[in-house]
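Labels A, B, C and D are assigned to the chains in the order they are written; within every chain, residues are numbered from 1.
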């Protein structure tokens, strides 16, 4: 049994807490909104009244919306990083910039603790099932110390490299997902242009080299014409911002990703940010003068 | 047993002939190059001395490199379409423009015969194994009459719509494959920019929503740094030309596909057309000043 | 005085005929529509009853909408190229593919005549004023022989290279115009996003390295929010098709042009093909959820 | 005569100082490098030993490389903004993010002073000649108070809107310049693909709707095949980063700019950041397998 502090209890964080509790760990959770605090209690964890209370733990996990949130919690004069104790391990599972991940790692290290960046993929369903794919950046021995906790939340725990690497891998993941959806969207628009049975065509396509998890999982929604999230376009846009920041930082050019990122940005600008990222298909149709 | 004429015996056509022969059909094949004629004999088929000889058949199948080849065989004053007999079925399995497919369909129909466009995916290995995915455009009853032949060559036979639909579906397939490879290439370049274990990262990525057949099948080649075809970039460039022609004909805009198509064209311009289409990764690296 | 046959009398051809007549030449014009034939008469030229009548001339000029029109007039079994007389010069001033231009050149040459491709830029106003910019591909001595005629229609006559070069230069011209408009459109959308005085900003921008003829000529329409042609998006889309065909033929990759071309295609798909090509700004706004 | 503090004396700042001195103003300049301090003295200004010394002035002007430099000078606990006196006007002429400009404006305002963002275009030559185009964001009355100083440095002073607007206008300017160069580069590659006289073709093109300042000013360098700056690609890449940040902040999609920006980034990644931004032509050639 490990004493765990957990900050953030949204649609992802809450079931992750529940899985840690189920695995026999003692969790104290903190969240700013009343709804999130209720989710913490419902997950069987203690509800902390301040983020600082989560420091009374062996491992401090966070699952927050964006880089500024993570920076606000850990960095700066009032950041928790200053107050970590030696032996304490911080595991930030939010999707943020590699830059933020490295800053947290260094600040925690300066106080004698250890930190990992461990973003996830798989979405709400995998969070509930404890089958997240977790991409971990940081020192190998630190990962080993928290592996049982990660395994309570995920089914595939992969150490990908030094601090920040988890986030860069997640960025690479998100650029692939967005681009694969964009490709599928353009293919569907082409198929729809001339009386083809789209369902049959997607079946034929999906069985060969054009097959993808995106095609499998979004097929029914494409045929039904629904864009219920799933994963909101607004979040994917945020993640593509992280990709762009990483590319600029590393000084690399990613032209296909850049175009896809603009299409995702257009989705938001047109008021469709709350739809599933499959709404790239809606945009592809509307760009061609058709009902989305 | 069906009497089959078969025109074209390249890397794909030859094993397709062999599978038809194995299924008990009588095949007479024609090809222009001596090497291809040898492949016809080796596949157990009779070698015709002229394309016209293949007309003495119930079903005439063709597997040729490009639209002009198919047009040259079937259309014009000397085209075979003029000489088909009623009840005869033409099945063009080449990857060509929908426009060409429809022209062949109409010309054959004018002479009293029937025609299907039935391009394939799966590559040489699937052609050998008889496990091609075959996307068929044309009249349903015609498809039923040749289904046993198609099943001798492929494991998934899908009727997708009216004449030309097979080709449009293949075009959609090829745009997805190219774009999924391009996405993977940009992801790998991003991962390589900062000391990440690319193999581990691809494993983590492949298990989630970013998974794809392209990722699965190209993973080993990516890690080994080889670009042995597989499917040559030059052929994929030809297919993306078909996609562009279809988009222009249908009056639709496909921005992501357009960028990917330019990258594929650049591969050829740089002298890498004979490499596997995975060489989009080589280009992505070179665009960023790295060894390809 | 030269005897001139002139085929095509649209919005561009009619004033070109008028300028030839004004310069003292004898012109016999042919056009298919009654409206165009009236324009020929109004321009002071004789109205031919068939295209063949235009062959009774020293120089045969054509100004037609698209490559298939030019091919229909000159090529094939009934094409005029077969009937040209030695010493006769064909000057096709339409905007068509370089491939078409070279085919006309070769067919005319085979019959003993000479041919030039001489597309123009400048639009209706320059056609009326006789101030077109004319880009000429073909043999230098042939150009010298018709230079006085070209100078009756244009103010800048430039020999750019061998047959087809005029068309390739026009293609290069059209890709620049479209891309410069697209750049201006994105700049305006950026400026509009935050309370900037767009007119003042365009003035400031236009005075420096960002200045362009497009900015100068389209500034008033941008500020007034009108998209009256000018040059219709549908025609520019046709021209970008010629650019794409040239790039594919030459085996070159033009990624920026490819994206701009997709945006122009989207304009048409959305029903805005009859607007001025400045409507790329309308699309840029609508892509961002704003009124176009 | 106005007492002016001037921070930054690089290739642009030094001649701007010289023009202020020539116009009869008293300038005290500060710069971190010894070379820049020598340029300050050579321009006829007093050399300050610390940035703070520049506060003893009526107007404080800065011309610095990038957003972090400007933030370091003005913002934070030790920033000069805290120490401005009422009536003092800060004019930041650097090219930075609108966000930075607004932060400086607000920080200076909080201390009782006034601030303008006033980036320039025109490059070193215009800085020397005092013919810069200056795009100014801020309150109109503040602009009037410093107009004589701006007129000593530039020939076109344009008020474009509220604080930050100068920077957004400069961003719009830079996206147009980069895209117009990219268009020109692709046009040249197309022309070069088939024996055309590129010089003649550019002359023909430049006279019509495709004309631009970029075409005029870069024509000689294109024909000579040189990429001597001028304006370094690395700086333009920085500016396109500002454009991307502005677009993300305003939530707008700029697809053409995004592709051009990736090409500029590729230039840097390939080691050509110190060449003139015209080197987009070098990249366009190399992308097509030709000598750059």
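Couple of notes before you dig in:
Methods note: a contact is a pair of C-beta atoms (placed from the backbone, for glycine too) under 8 Å apart; a residue touches a chain by one contact, two chains touch by 3 or more.
Given the structure is predicted, the values throughout are model-derived calculations rather than measurements.
More contacting C-beta pairs link the chains of A-D than the other of the two pairs A-D and A-C.
With centres defined as mean CA coordinates, chain D is found 38 Å away from chain A. With centres set at the average Cα position, the gap from chain A to chain C is 51 Å.
Residue positions 247, 251-255, 259, 263, 266, 269, 287-288 of chain C are each in touch with at least two other chains.
Shown here, the protein chains touch in all possible pairs. Chain B contributes residues 255, 259, 266, 269-271, 287-289 to its touches with chain D in the complex.
The residues of chain C lying in touch with chain D in their complex are 98, 121-123, 126, 133-135, 156, 158-162, 164-165, 168-169, 171-177, 179-180, 182-184, 186-191, 193-197, 200-201, 203-205, 207-215, 217, 231, 243, 246-247, 250-257, 259-260, 263, 284, 287-288. Against chain C, in their complex, chain B makes its touches with residues 241, 244, 247-248, 251-255, 258-259, 261-263, 265-266, 268-269.
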